[in-house]
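Below are the structure tokens for one structure; questions will follow.
As written, the chain order gives the labels A, B, C, D and E, with residue 1 at the start of each chain.
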Amino acid sequence: MPMNPTCRSRRFPHLGGLGLVFGVLILMMLPLGSMADEIDAALIDLSDRSFEVKQAAVDVIAAGGDPRAGTLLEALLGGNLYARESDRRPVLVAPSPGGYRLTDALDGSDLGEVERGAVKKITINNRMRNQLRTAIAALTLASPDPEIRLKAAQQMLGDANPIVVEAIRDQLGREDDQRVRDYLDLSLALASLRDEAPAARLAAVNALSGSLYPAARNALTKLLSDEPDPEVRAAAERSLAAIEQKLKLNAAAETLFFGLSLGSVLVLAAIGLAITFGVMGVINMAHGELIMIGAYTTYLVQQAMPGFLDYSLFVAIPAAFVVAGLLGVLIERSVIRFLYGRPLETLLATFGISLILQQLVRTTISAQNVAVQNPSWMSGALQINPALALTYNRLYILIFALMVFVALLLILKRTALGLQVRAVAQNRAMARSMGVRSARVDALTFGLGAGVAGVAGVALSQLTNVGPNMGQAYIIDSFMVVVFGGVGNLWGTLVAGLTLGVANKLMEPWAGAVLAKILVLVFIILFIQKRPRGLFPQRGRAADG
Amino acid sequence: MLEISGLNQFYGESHTLWDLDVEIPQGQCTCVMGRNGVGKTTLMQCIMGLLPLRSGSLSYEGQDLARLTAERRAPLGIGYVPQGRQIFPLLTVEENLRIGLAARPDRAKQIPGYIFELFPVLKEMLGRRGGDLSGGQQQQLAIGRALVIDPKLLILDEPTEGIQPNIVHEIGDIIRRLMTDLNLTVILVEQKLPFARRVADRFIILDRGRLMASGAMPDLTEDLVKQYLTV
Amino acid sequence: MGVASVMRGDRGGQAMLAVLLVVAVVVPILNLMVPESSPWHVSTYTVTLLGKYLTYALLAVAVDLVWGYLGILSLGHAAFFGLGGYAMGMYLMRQIGDRGVYGHPVLPDFMVFLNWSELPWFWQGFDLFWFAALMAILVPGTLAFIFGYLAFRSRVTGVYLSIMTQALTYALMLAFFRNEMGFGGNNGLTDFKDILGFDLKSDATRIGLFLASAGALALGYLACRWIVTSRLGRVAVAIRDAEARTRFIGYRVDRVKLAIFTFSAMLAGVAGALYVPQVGIINPGEFSPLNSIELVIWVAIGGRATLYGAVIGAILVNYGKTYFTGAFPEAWLFALGALFVIVTLFLPKGIAGLVGMIRTWRRSRSPAESAAEAAP
Amino acid sequence: MKPVEQLRESMRKDRQWSFMYSMLDLDLDVSQGVILYLEGVSVSFDGFKAINNLNFYVNAGELRCVIGPNGAGKTTMMDIITGKTRPDTGSAYFGRTIDLLRLSEPEIAALGVGRKFQKPTVFESHSVFENLELAMAGDKRVFPTLFARLGGEQRDRIHEVLGIIGLQEQTHREAGALSHGQKQWLEIGMLLMQDPHLLLVDEPVAGMTHQEMDRTAELLLSLEGKHSVVVVEHDMDFVRSIAKRVTVLHQGSVLAEGSMDEVQNDPRVVEVYLGE
Amino acid sequence: QSADDTIKVGVLHSLSGTMAISETTLKDTVLMLVDEQNKKGGLLGKNLEAVVVDPASDWPLFAEKARELLTQDKVAVVFGCWTSVSRKSVLPVFEELNGLLFYPVQYEGEESSKNVFYTGAAPNQQAIPAVDYLKNELGVERWVLAGTDYVYPRTTNKILEAYLKQNGVAEEDIMINYTPFGHSDWQSIVSDIKRFGSEGKKTAVVSTINGDANVPFYKELGNQGVSAEDIPVIAFSVGEEELSGIDTKPLVGHLAAWNYFMSVDDPANSSFIETWHGFTKNDKRVTNDPMEAHKIGFDLWVQAVEKAGTTDPDAVQAAIIGLETKNLTGGTAKMLPNHHITKPVLIGEIQEDGQFAVVWSTEEEVPGDAWSDFLEGSKDLTADWTPPVMCGNFNTVTKTCLGAQAQ
């Protein structure tokens, strides 16, 4: 059973962490030897079925002060700690030909090789994860590695326990890393808000002015609710107002980023269509499925190179371009080339192709979604400040969308292919009379559009489902973007995509996701009345017939 | 230069060209004449490969044209100015001209300068969309565009339609000049007798898809004109 | 103008109406009078299925009118169909009365469940059949009128118009998905009991609905035929082929479009209203943009700008769907997809064009015969 | 335009409810003997002045020829008259009262301005007969059109025009299958069917043989008096054969105006247009 | 004719369209169960034959296909449907033709039909225990109820809202958010949740987000750094199958409440999984809660048919009530008179391998409740398909059977 009664507190589970730190700090001063037996028992308890027993065991181990306890707890947190079935001793495992090679979790001694069934993973739950992080933080606040100290300081932010505060103050005295100092300072300021002396509180309030940490804002709000001193109150109100002001700005920046990011997804999804439909005039209903093919290519690439997840996308992008592009060429050569001059029939045929492709994926791969993994550099966020973080995957996709756009723009504007495809689209017979090899141009262009759709699929696989239906989710939006931007104008597609993304995100906070979408659609319908040929219309005599 | 024999063409079920045998001699300008709807344009399109033949052969410098697709004919040096101009309306004037560059045997990257000398308007309007030009400007563009591919055989389907008189006159001169300078062979479809007489060396007359008469231009008698060119 | 003059020269349409008449006479007899054990018996399942196909056919005719003849590729007809369906669904909901699961005398179950205390204003009047029937026509008509008025006045054409109609449908779908809208959200309206006092589950009612659908199809077809054979129909085709030119000879293109588009939307509404009691449910899925696209495909498969082709296409594709989803549940999309591709490639004028193709082919095989044919 | 004005403009009754409000009710007033007034008209496209402060008048019953270099703005002028292009400045009146700039293309057409396009555009999937029927003068509102039936007299008129344009044999052929010259004739036929007060004829004889040209000339001359006709043409023989009064456009404005002889001998015209 | 010596089992699951992702597995499950039963010698001495149709995620088509199964194929029982709307669509058909439908998915309740057996969880078998867990074990004080905008989330959230308020949670501590089907851009919503959760009180998200929308939701959570320790998400629609389409690393620690987890260590479960892998010839295929529900439903139906000696729907309906079978997590499932079954409630945390580790479970099975006690309109209603009540919505106050069944 747990030796520290506060651990069992149901209402305030985070006090478990508190009590623990308390325990650590007290027990650090006790002689180590007397604890040994208890720690041994605790190690066995780690593989107990009950999470309460496990939590108590963690407390004991953390308090034991064993220098290796940190590693053990880290292993437990990381899901790498196993229990040997025979004696329930916690061990670290490494895969080996015969099964696992075991090392003792605490003393690091080699325990030989066993088969896989002989060890069992020690599971932890949410509450334990919290407990473990706090414990590790306490053990590592004094670590020589500044990165570890930084993590610890972040973890302890806002902890009000006096002993913790004492430890923080201690550490601050010898801390030389500025980032860590900032956190420690903030922690102290937060602690001082509870100080008896109004002057101390006032100083703390002023120190917190404009701080974007949620903890600061919460603490100030709380202070306001029961602060007796008018001067401190006034200062707190000011500080809080400053915080709110800054938060608003950050929120606006965030909304803009969300909008651009949604927009970039729309642009990516639509840009292949801007070629096959916008330039060539093929009403390509299979566009979504080409995106899907790109996403599945990503999946297959990841399956094929399991150890190199971080590089997989760099392989997947060209692979998806080639696979989807070749498929595009195949579709063009086998079906679409018979339909030039009959654009509406391309709708019919490509719709049929889209059905076939969907079902093909269902039967050959599976009807379920598949798991495409995110490389480590795609996860997480770029923390601009505590209130504003730009998620890396969105950021990269935004950049990627712009890159794809520029590349396409160059191809269409600067290469012979770009010129020829436009000529073919405007007057096939005349283009052929001028020696343009229309068949080749068509195949290449459709392949290009399809390839770009495939590349979009790689990007989208990082954001959303990869499944047989994924194409359907994008086809409607893609057409909307291309048309709204003005058919045949790549810039239009870019601007339309970004505009719709931002408009959607601006409206979402007050209208809700569904209504925002409806409003955007209504907006498009009304806007088209003003500009019947999209944002960037084809102008001139020819266009208005 | 170009020999057409036994050519038959159908639009669906309607027989438009009947057993045509025509010879276009090298270095001369042959004028194809006939009333509206007799099949002049159809014949030109057959030569360009834009319409399928039912039967017959086309031999161009000894090569069997009929087996080549339309886009393979331009690189052989056949330039085409179609009836109705057929400008690429959304391409700029410059782009309209550049299209032909790829088909040039010398792979030149620049539009030959003499085209702008011939049609100075085109230089002024280089950045304008082809479709925005006035009718006559478009016609000039169409001729310029055909010249870009450096043709040996130039097919002109009513090239003076809608062009102002002084330029019409000039076009006549240009055609003659090109023929001498570049050793060009020309097939000209033309309704306007004076122009035809001035420019062409030979004539052929079609009626209802059949070849009715042919010969050197001076042999085009009032009789023939009355019989086949008036209503 | 008589039926005869409207149908003159429309061989396909004449055949189609004749078949429709035969089916309308024979099916009820085979269903109601022939015992179930007999191989000649037509099951109620089949009757309902046929009824559904007929409503789809009417919808397809409406689409063909605007697409085939007027050149408007409307991706909004699923919405008009759905609105007509909802109007009928609301009537049917009100007919349930206190037989809903919560036994509320007035409110439909989903409203009781959402704690609504009274019927929203837009549900008023739907307990009356004539009102609901009128709404099934007027609501889609009004929407089409407003939308069309704006769009045609601004000269939105081509794909721009198509995508706007699609946006309209899509917006409606999202709106109807919202539970706050008061149309039952995703579940839509279902669990209908009776119509005009007749039990929806009885064979006779089903036959009645089937006959009503057949009648509506016939009338709708004749009305569309009448339009396309009138001078207005020729103006419509002129607009399709050269819109600007039509203006210069003095026709107000926007009004012609508006009139025909609105009429077509109303027709779609009628189809929707007949569809709902036969399938027993209406939900926002009917507004799905993909439905609209599929609809256009029925018309294309049947043969655009023939009207009777639309009927054939709608029935064929839907029969194919019914059959394939039962016979090859795991591979039917291959079959349907292949059907679409093959029809486009080999039957450029759809199935209606097949007759013409066969005729040409026959003629090219025996020129003597064709000469004889051409002689008189 | 200021926003307020814009708003007022968009709220104007004849705009808002234009479908209830028939411009057809206005009468053509040619009491001054002038049927078309273009005054101070300018149009520019992307900064290029296609029409530059143009003043142009046509008398009722007059046959006027307009010539001028390619790109002088002749077609654009017709675009303005028929409502296809809105000028940046200037005014265009049909008769004394009818402001063309406020009307849409069909309204202008309904008032009696007919046009033959430079590039023939006919209704390709209609037969020649139907093309003429559609163009025929009459009530072109939606419901009258729906109920319209072809009377014997109208049928006769169509056949008469078919005769004039020489397409009797093609009566039931699809217009799309006509040759270029045949389409030109069909356009002329459609123009005749409209029976307009003012005919704008853009390059009618392009692609015609000499004899056809003569026929066209005859035809246009026969219209003179009852109708006002504006003909644009580059074929000088043709112009000479019909012209009474000729206007020369150059760079968007009138360069010269007068009888054929005057114009022909005007050195400026010779220089920019006719050649030696 | 062969029809006489086989008993047909209808399978009405979408194999194409949006729902195919979830439903194809259930089709395979039924095929497997039929196969197993035939290996055991069939039923009543006859072979079972599965009749599979594809309603293609198209709700009217569900009704049509149900009618086809019942009247054309003459199946004895149908296993099928996933979404509520599909069930609502086929319900009148089953009632009209007196067929039997086993419905395997957790749903919003508020329904009990004579012809339908609900083997998935009712709200009281999933939602309420889950909230209790969060409240008691994790000390959650603020709640985000996020769902897809359709009946199941609406109902569940309504029930939860009422329940939370009864438990003293203030209005401003509950945030409700609905999104459309297949919603894929969660940036703003996750950011709102983050903000809502950073105001000092322990916050949790109760997610009734459906199907495809989950993947982008969890990815966004992961990327915006919302970890399970900060703001745990408990989902009611995310099971092993859904997780198999997600990279689970960032999700470790988030929760789900179900009545079955593949990871539950039980011999019955192990053998079920083994059979499943054998049947699908793929030892990576996961099992999930609706599969267990179908398994239970199938076992109960088989027992009922054996007990009744016939597949006649009335007889089976009468026979099945009260029957019990082992579930796959060591307990028993019993068919209750309201056509729902007893189920244990398990709460699991997502693990890195895409499985759930059970962190909490009810001591014993919870009986499914067709009519929620927390909703105004239905708290007086019960369902009881045994005589003398024989009613799906019986008002216990007025002692009347409401609605259609009254006639």
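Convention: a contact is a pair of C-beta atoms (placed from the backbone, for glycine too) under 8 Å apart; a residue touches a chain by one contact, two chains touch by 3 or more.
Bear in mind that the values here come from a model prediction, so they are computed numbers and not experimental data.
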item: Distance in touch steps, counted as few as possible, from chain A out to chain B; value: 1
item: Chain with minimal offset from the mean of all protein Cα atoms; value: C
item: Which of B-D and A-E has more C-beta contact pairs; value: A-E
item: Centroid spacing, where centroids are CA-atom means, of chain A and chain D in whole angstrom; value: 64
item: Chain centre separation in whole Å, for chain C relative to chain B (CA means); value: 51
item: Distance between chain centroids, defined by C-alpha means - chain B, chain E (Å); value: 75
item: Gap in Å, rounded to a whole number, between the CA centres of chain C and chain A; value: 45
item: For chain A, residues that touch 2 or more chains besides their own; value: 358-359, 472, 514, 517, 540
item: Residue numbers of chain B (touch at least two other chains); value: 132
item: Junction residues of chain C, two or more chains touched; value: 174, 177-178, 242, 244, 330, 333
item: Chain C residues within the chain A interface of the complex; value: 73, 147, 150-151, 153-157, 159-160, 163-164, 166-168, 170-171, 174-175, 177-178, 242-244, 289-290, 293-294, 296-297, 300-301, 304, 330-331, 333-334, 336-341, 343-345, 348
item: Chain C-touching residues of chain D, taken from the complex the two chains share; value: 19, 82, 84, 104-107, 109-110, 114-115, 117, 121-126, 130, 133-135, 140-143, 145-148, 150, 190, 194
item: Chain C-touching residues of chain E, taken from the complex the two chains share; value: 15-16, 52-56, 58-61, 63-65, 67-68, 71-72, 83-85, 88-89, 91-93, 96, 110-111, 149-151, 154-155, 180-181, 375-378, 381, 392-393, 395, 400, 402-404, 406-407
item: Residues of chain A that touch chain B when the two form their complex; value: 416, 419-420, 422-423, 426-427, 429-439, 488, 538-543
item: Contact set on chain A toward chain E in their complex; value: 10-14, 51, 79, 123, 125-127, 129-130, 133, 214, 217-218, 221-222, 254-255, 258, 261-262, 265, 358-359, 362, 367-374, 379-381, 389, 391-394, 462-469, 472-473, 504-505, 508-509, 512-514, 517
